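Data block below; observations after.
In this document, chain identifiers A, B, C, D, E and F correspond to the written order of the chains, with residue numbering beginning at 1 in each.
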Amino acid sequence: MDDNRFEKGWAVLMEVDGEGGQRVIESLKEIAPDLGKYVVEFAFGDIYSREGLDLKQRQLVTLTALTVLGGCEPQLKVHLKAGLNVGLTQKEIVEAIMHCGPYVGFPRVLNAIFTAKEVFQGE
Amino acid sequence: MDDNRFEKGWAVLMEVDGEGGQRVIESLKEIAPDLGKYVVEFAFGDIYSREGLDLKQRQLVTLTALTVLGGCEPQLKVHLKAGLNVGLTQKEIVEAIMHCGPYVGFPRVLNAIFTAKEVFQGE
Amino acid sequence: MDDNRFEKGWAVLMEVDGEGGQRVIESLKEIAPDLGKYVVEFAFGDIYSREGLDLKQRQLVTLTALTVLGGCEPQLKVHLKAGLNVGLTQKEIVEAIMHCGPYVGFPRVLNAIFTAKEVFQGE
Amino acid sequence: MDDNRFEKGWAVLMEVDGEGGQRVIESLKEIAPDLGKYVVEFAFGDIYSREGLDLKQRQLVTLTALTVLGGCEPQLKVHLKAGLNVGLTQKEIVEAIMHCGPYVGFPRVLNAIFTAKEVFQGE
Amino acid sequence: MDDNRFEKGWAVLMEVDGEGGQRVIESLKEIAPDLGKYVVEFAFGDIYSREGLDLKQRQLVTLTALTVLGGCEPQLKVHLKAGLNVGLTQKEIVEAIMHCGPYVGFPRVLNAIFTAKEVFQGE
Amino acid sequence: MDDNRFEKGWAVLMEVDGEGGQRVIESLKEIAPDLGKYVVEFAFGDIYSREGLDLKQRQLVTLTALTVLGGCEPQLKVHLKAGLNVGLTQKEIVEAIMHCGPYVGFPRVLNAIFTAKEVFQGE
């Protein structure tokens, strides 16, 4: 049932993103509540809940995707905290961002590293 | 020394990418030999040789970066084989590509999945 | 229920994309069957089934997104046919692609136009 | 004549973008006045003035292009107001942005939705 | 006058891109003739005809833009020949593409270099 | 030797980017010092130090790459000043950015032009 996907997704969202993710969903309530519902159901209820990769591996993939896309600093902040939440170390996160250098160049990597610096210092 | 970076990089390139990577470097010899040198030295001698992430984690990051960038099918093919070389399972690779869906949408994910299908079937 | 989303999505997929969409889902069966399921459920069962825009407007948005992304020629072909299926004229499709010129430049527009030419001539 | 294209383009710019567009052109006067001229002449005098799609359809395409590109928040703000100016409802605009989700993922869509929220609340 | 822009643009297109550019314009005749007109008028009549940068500098910029965008191999082929037409050496072109490495990573650079190899060998 | 690449790179970085570049490297010290080292060694020690293009040509390529990528305003600011440092005129820089218009569209070009306006006015 849809309710099931939402509930399962919400539990994973809270485990992974915590308050940061909750705030994103809530900030959508006035303008596009169904968008928040889809994020919870599809991104977290369907995808994050799958077997085959653990949450640390999934956060590595998410952080890489956001680094490469560029212009996603708000989402990157949420998922940098999420990375720490699921057990990645700051060192592993920095390594993953740096690893993108040969594939997407220094500007995207620098933007992500400075966002990480901001998040890590705010801890 | 530079020679050291090249030798170290070449050893990692051979371990990770194997013949596929070697062919890329060789195909650069006539037109831009130094580009091949930089790929070996920087991507493999500097970055892949770092501690902090193991080779399976590094391939997860690489495969994600190439999936998100789009239009990198030749590089994706080399690194899909590399993923298998360093011990990722086909299932883990498929999961990593699918995990990108909520972040970059279905078209980039479909392109990467069909490239993976081609590589896995050619094994 | 999930089954409901899939069935609803499949009906919309068949109405919009027809055989081209069906082939995409089927070609995923061996390698990533759940990805096909998510495309049907999320893209078609959730999004395409929403009110607020009619199918012609939705295809305008889809065709624009694929034109701007670049490197999505296979998806563009499916959705060019889908555009005609839901009632867009060839002229409207060409206009929509051309309208992207000032926003994304000529190369992305030329690639989409030549893909459209191929699809229209194959009709 | 060129003058004609500029005059026609200016009239369309004023109809579509209003003051927001005018401010962009004026802010270019010191640094790159001809760039403003080309925006007026090519984007509005040539493209927006064409037949084949009405202004609401053209704004759907523009808003989609800017959502997908990413990093174009200033232009998106101008064109969100333009969308309302030519008769799109807030609901239609939100639907169009959400429709991009399956094609470009949630981060680009969230960025555009929050920009829309800001514009709509400032009305 | 518009005719003037087209004529001026056509002369520059022929000087810069030669037959390759002409073929692009002609291939648009059936599907989107006005798009070809805009390419000639805006890209060549307006932009390429400007003072402030010579044609070699302009081709450096064009080749970089196409390398960075990715997925523009057909346009890159036309402009690689154009680079040689206006006096860039093969060495300068290869250097310009390689210079993009630290900014956009190796995959986009490799794709452009292999396209250049193909064009240079076909000479 | 590696030391050599760093020293050579640092000298070129100081010549090209000056204090702006130095600040980027220093701001990496706490979070990812090796990333700063790679920027100096690879981008400046390896690539910028090559023959085949002079520093003005290399800055044209860099400025174009950053304009096309989008979302790289901090890097663009550093390299706009670098462009002036190596002898490009404001007019040449503006022309190079405008030249990107037909290839990547107005939004990326407007973002780069407004960044240039800010940098030039701060001089």
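FYI, contacts are C-beta pairs under 8 Å (C-beta built on N, C-alpha and C of every residue); 3 or more make two chains touch, one makes a residue touch a chain.
Note that the structure is predicted; figures quoted are calculated from it, not measured.
Novice: Please identify each chain that touches subunit A as well as subunit E.
Specialist: Shared contacts of subunit A and subunit E: B, C, D, F.
Novice: Among all chains, whose Cα centre is located farthest from the one for subunit B?
Specialist: Farthest by centroid: D.
Novice: Which chain has its C-alpha centre farthest away from the C-alpha centre of subunit A?
Specialist: E
Novice: Using mean CA coordinates as chain centres, what's the gap between subunit C and subunit E in Å?
Specialist: 30
Novice: Touching at least two other chains at once: which residues of subunit E meet that condition?
Specialist: Within subunit E, the residues that touch at least two other chains are 34, 38-39, 42-43, 47, 50, 66, 69-71, 94, 98, 100-107.
Novice: So in the complex, the part of subunit D that touches subunit F is made up of which residues?
Specialist: 24, 27-28, 30-32, 34-35, 38-39, 43, 66, 69-72, 74-75
Novice: How about subunit F: which of its residues touch subunit E in the complex?
Specialist: 39, 42-43, 47-48, 50, 52-53, 57-58, 60-62, 64-69, 91-92, 94-96, 98-104
Novice: Along subunit D, where are the residues that touch subunit E in the complex?
Specialist: 1-2, 5, 34, 38, 42, 46-47, 50
Novice: Using the touch definition from the top, list the residues of subunit E that touch subunit A in their complex.
Specialist: Going through subunit E, the ones touching subunit A are 100-107.
Novice: So in the complex, the part of subunit E that touches subunit B is made up of which residues?
Specialist: By the definition above, subunit E touches subunit B via 70-71, 94, 97-98, 101, 105-111, 113-114, 116-117, 120.
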